[in-house]
Amino acid sequence: MTSFLTQLSKQELSANGLDGFAYGYRDRVRFYELDALDHVNNVVFLKWFETIRVSYVQDYGFTSYTKDDPMLVVRRVTCDFLAPMFQNEEYVVATRTTVLKPSSFVMDYAVMCDGSLRATGEAVVVSLEQDGKTRRKHYRQAYEKIMELDKPAVPA
Amino acid sequence: MTSFLTQLSKQELSANGLDGFAYGYRDRVRFYELDALDHVNNVVFLKWFETIRVSYVQDYGFTSYTKDDPMLVVRRVTCDFLAPMFQNEEYVVATRTTVLKPSSFVMDYAVMCDGSLRATGEAVVVSLEQDGKTRRKHYRQAYEKIMELDKPAVPA
Amino acid sequence: MTSFLTQLSKQELSANGLDGFAYGYRDRVRFYELDALDHVNNVVFLKWFETIRVSYVQDYGFTSYTKDDPMLVVRRVTCDFLAPMFQNEEYVVATRTTVLKPSSFVMDYAVMCDGSLRATGEAVVVSLEQDGKTRRKHYRQAYEKIMELDKPAVPA
Amino acid sequence: MTSFLTQLSKQELSANGLDGFAYGYRDRVRFYELDALDHVNNVVFLKWFETIRVSYVQDYGFTSYTKDDPMLVVRRVTCDFLAPMFQNEEYVVATRTTVLKPSSFVMDYAVMCDGSLRATGEAVVVSLEQDGKTRRKHYRQAYEKIMELDKPAVPA
């Protein structure tokens, strides 16, 4: 069994039912993620997607969230809740870029637990200058890494 | 100026730029809703939508979240982030049902602040028996109240 | 009845059972503040104390949390949980400075709901330069305002 | 290096500078744990203590948080903030019972990161019947396990 919070390989993700993903890790439901209905609160899935998005864009070189780097702004998120999750459950969360443009991208997310998909989601992310307005191109290295790993669609 | 957290009338919502909404209230950004980028965290908008959804379904009689009442399950949420929000900003959050079916409904949400729309969202909600599986019809009274107040679409 | 989130007078706080407090406001328990035990999560009381502390230090002129102002650092918090709280309950949270030194202070907090004290707490706060190390004296105006309003102890 | 979220041995905790602790695990700071000051929010340390407390009382057999088991109620928490923490930092959080009585106990907590203690805390926990009022003795097995592992003080 693989470790918590350490990046899984494409093969490990596939073995966990997450074919086509190259970035993901295992984690465990915590008490504070439950709500009064005694299962993982809906909004918490969005927090998981945010957490893995921040790791992903840092690891792949899109931004370091410091002054001279691009500002990545999320324009839209969606989440589909497929099955409830409970205290102490172990899951794998994974993400990938599905559409890559020069200064934006679309990611999708999946949460797999005990052989069943519990939630999926999507985010539209835009890369801006630090003024928060002007579009900024992705770093070439980040662009190429995503092309290689996630094989996203590239609109003409 | 209207009070915080008290339900606004259709007229007051309209005066705040939220035409067509019959349910909403004013609130204020809190420190814990900011993230490291110093603006309201994306996921917090979803929390605001959850908070107003819970009030709405209780006030309109869909469920009291107790044992004999329907279990309302959110199947899907979306959120569009239109402009950033900051510490201490005052805003109005509003919601309405846009599509009403016998045992489900679609809601939309809007956050208005200082004359500009900051975020909008949508949720698909299903009404179930306490087994979490069997569909359960809405209470007639809740159904009629929504028909009157929100005038949602009613698919054939 | 007074409004939500608007500052209450000393008289209004006293009428709500919070004698000796000059700063407080009403608020209401939200769904996301409950945990799996169906009451307000313990840690949420600390969030309420943080929220009112941030308002208090801004309103009283200790800091604006911007670059040239003091950095206020919390060194220690405590919280006593006296009785559980539930969804939609309305409460008053209040705070005051009990000990005032040239570059630090001790605050206490109280949560009153439906005539009973639900929680109390304390925080030790230190005022620093933006280097996060060197002590920085409170602004004279803030110091005098607290002396007048809260009548804290002033150690020799 | 030990894995994330898996229980560390007394020896591993000691090697991480946490002598005298028998229960702890490694974890990593997540983006949503930062606040607008760009470090881990104070209240988040209390969440970490809650998370490890829930694991500890379940693993050691105090309660399973289900109907027939004791209700564990936190009466008081404290936290001392010793040094700030930042995004992606890896830390060990540990806990132990320092005082054990027939139907209550006192725990302490420590967060160690990169060789320095970042925060410590304490909680007073009471064991009650499901009525939320009557004291209930700890299970003998849980009591004995704590006596053996944590060697707490036992007041006469």
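Chains here go by letter, A, B, C and D, matching the order in which they are written, and residues are numbered from 1 within each.
Methods note: a residue touches a chain if its C-beta (ideal position, glycine included) is under 8 Å from a C-beta of that chain, and two chains touch if they have at least 3 such contacts.
Please read these numbers as outputs of a predicted model, since none were measured by experiment.
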Set of chains adjacent to chain A and to chain D: B, C
Chain pair showing more contacts of the two, B-C and A-C: B-C
Cα-centroid distance, chain A relative to chain B, in whole angstrom: 26
Interchain centroid distance [CA atoms averaged], chain A/chain C, Å: 37
Chain B and chain C, separation of their C-alpha mean positions in angstrom: 30
Sequence positions of chain B contacting 2 or more other chains: 31-32, 36, 41, 43, 47, 50, 65, 87
Touch list for chain B against partner chain D, complex: 31-32, 34-36, 38, 41, 43, 87
Chain D to chain C touching residues, read off their complex: 36-37, 41-43, 46-47, 50, 65, 73-81, 84, 132
Of all residues in chain A, those that touch chain D in their complex: 3-6, 27-28, 30-32, 47, 50-51, 54, 58, 65, 87-88
